[in-house]
Amino acid sequence: MMSTQQIHSSSIEYRIIFGDTDAGGIVYHPRYLELSERGRNELMRDLEINIGNLFNESNVVFALRSSDMKFHSPAFFDDKLTITTRLERLTSASSVWVSLIRRGGTQVCTVRADIICMNRANKKAMIYPDDVLKAFEKISITAKQK
Amino acid sequence: MMSTQQIHSSSIEYRIIFGDTDAGGIVYHPRYLELSERGRNELMRDLEINIGNLFNESNVVFALRSSDMKFHSPAFFDDKLTITTRLERLTSASSVWVSLIRRGGTQVCTVRADIICMNRANKKAMIYPDDVLKAFEKISITAKQK
Amino acid sequence: MMSTQQIHSSSIEYRIIFGDTDAGGIVYHPRYLELSERGRNELMRDLEINIGNLFNESNVVFALRSSDMKFHSPAFFDDKLTITTRLERLTSASSVWVSLIRRGGTQVCTVRADIICMNRANKKAMIYPDDVLKAFEKISITAKQK
Amino acid sequence: MMSTQQIHSSSIEYRIIFGDTDAGGIVYHPRYLELSERGRNELMRDLEINIGNLFNESNVVFALRSSDMKFHSPAFFDDKLTITTRLERLTSASSVWVSLIRRGGTQVCTVRADIICMNRANKKAMIYPDDVLKAFEKISITAKQK
């Protein structure tokens, strides 16, 4: 009964390697976009959405329409970061995901991604498949208010 | 006499390799942030700012405070992209740069980056060195309006 | 008593994201070098070597002298890979690490890396710090035979 | 008449950005594999092989079977590197390419890549298409000796 309440967000951990950093001694900022992809993928896995099958069998990919990032404080080599991802807004053809990236209690970066569904064969936008949309609705506050 | 008018933006070309793409068959979006770094660096080079020396000898790095991206249409393997970068806004301690990325006449991506100056030894924000600020002012419309 | 026998290798898991793949639909090969870095780091952590402190406080970095890779079969988006890393050869100033990367029972890639110790301040090669060498000797067959 | 002699190798230049470096202050080694991909692609372009069309229309991709790298000396932020690529060995189904990467007169890295031809739809190895093989033969010493 409480299950739709329980998966509002997903948290994963990620250890910074040299490959994530730059000569400034800090994590190179585009890597945070990769971490937010990782966070969204794991949140979808928690929702039992099989993104591998969607991609391979249904040609469905999630593509970005826009993204913005705020860098609060730098992260460093060997840091263990936590990426907490939630679905902020949902319509039948688009969704906005927010990933908060932190090291312990220190905020590192916030990534917001506006994502559409695309058929990878013809590169055309499409509405979300029914079961995907239903899964997303479970964790979307705006969708539940409808 | 016209020289401050002549360098308002810088354009570079970049050929997409497999390393820039993802399994969706398109350029992986964080790569556009790398292309915008490349564009800013070349614009600074045009302004005779030696970013290598600044980094190595003065410990000065340009760090992002925030960034946002709009994805207009996908780019593909072997595309030749043009990255046109200009300085949109300038204060003594921050600057906003915009890179327009396109394939011929087709807009691919817009990247906006809000950049501060940081001492890489102590990771503290600093105002821009005098000669850097003077160079930036040459190409900044807002600065010249002051 | 058996402890020197117990840590011969370290295995970690890694989930492939879009950022790891290329337009050929498979993992882009340089990413396997990143996975092998990740594997070596975790093996060192198992040995209680604090690579973050070594880097930050002692200026010690592990740098590659050479590397070779064999690609056995491709890996794909959303695959869960296992990276098993062991120390193959050890002297006081160099070490050879092997990472076997597989998806379940399928071999994907083998990465061999010949690694030296470098002072990151002056970029000069150095012998391994004593406690690092002792830790490496615990898991090196060649070293134990001495 | 001399044309088969003229294109033995291809040289391109590449400027190092922060995204190519790591916290050790040097170019992160997997990036050299990307530079060697870039070098091979440009050499093929010099040979009038349209790798974009091959990929899009004929499903042909060049995939690595193995690769090895030697790191001679580090490269740094803002370095301008030269990548010189040549075809070292050729058979009807495989080829070995060598990229020498240097900064001015200083050798930085050597990358050797053993490359096969793959149908990207079924991920099966194939022999090189006829016109590709003919183009490769123009620059391969071993092939010409046959």
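When the chains are written out, they are named A, B, C and D in that same order, and each has its own residue count from 1.
Throughout what follows, a residue touches a chain if its C-beta (ideal position, glycine included) is under 8 Å from a C-beta of that chain, and two chains touch if they have at least 3 such contacts.
Keep in mind that what you see is a predicted model, and the values were worked out from it rather than measured.
Engineer: Is the number of contacting C-beta pairs greater for B-D or for C-D?
Structural biologist: When the contacts at B-D and C-D are counted, C-D has more.
Engineer: If you line up contacts by residue number, which pair in C-D, A-D or A-C shares over half of them with A-B? Let me know.
Structural biologist: Copy of the A-B interface among the listed pairs: C-D.
Engineer: Sort the other chains by how far their Cα centres are from that of subunit B and give me the top one.
Structural biologist: If we average the C-alpha coordinates per chain, C ends up farthest from subunit B.
Engineer: Roughly how far is subunit B from subunit C, going centre to centre by Cα mean, in whole Å?
Structural biologist: Those two chain centres are 35 Å apart.
Engineer: Using mean CA coordinates as chain centres, what's the gap between subunit B and subunit D in Å?
Structural biologist: It comes to 28 Å between the two C-alpha centres.
Engineer: Between subunit C and subunit D, what is the separation of their C-alpha centroids in Å?
Structural biologist: 26
Engineer: Could you check subunit B for residues that touch two or more other chains and list them?
Structural biologist: 18-19, 23-26, 30, 33-34, 55, 76-77
Engineer: Write out the stretch or stretches of subunit A touching subunit D in their complex.
Structural biologist: Touch residues, subunit A against subunit D: 18-19, 21-26, 28, 30, 76-77.
Engineer: Give every residue of subunit B touching subunit A within the complex, in rising order.
Structural biologist: Residues in contact with subunit A: 23-26, 29-31, 33-34, 55, 61, 63-71, 74, 118, 120, 123.
Engineer: Provide the residue numbers of subunit D that touch subunit B in the complex, in ascending order.
Structural biologist: Interface residues on subunit D, with respect to subunit B: 15, 17-19, 33-34, 37-38, 41-42, 51-52, 55-56, 76-79.
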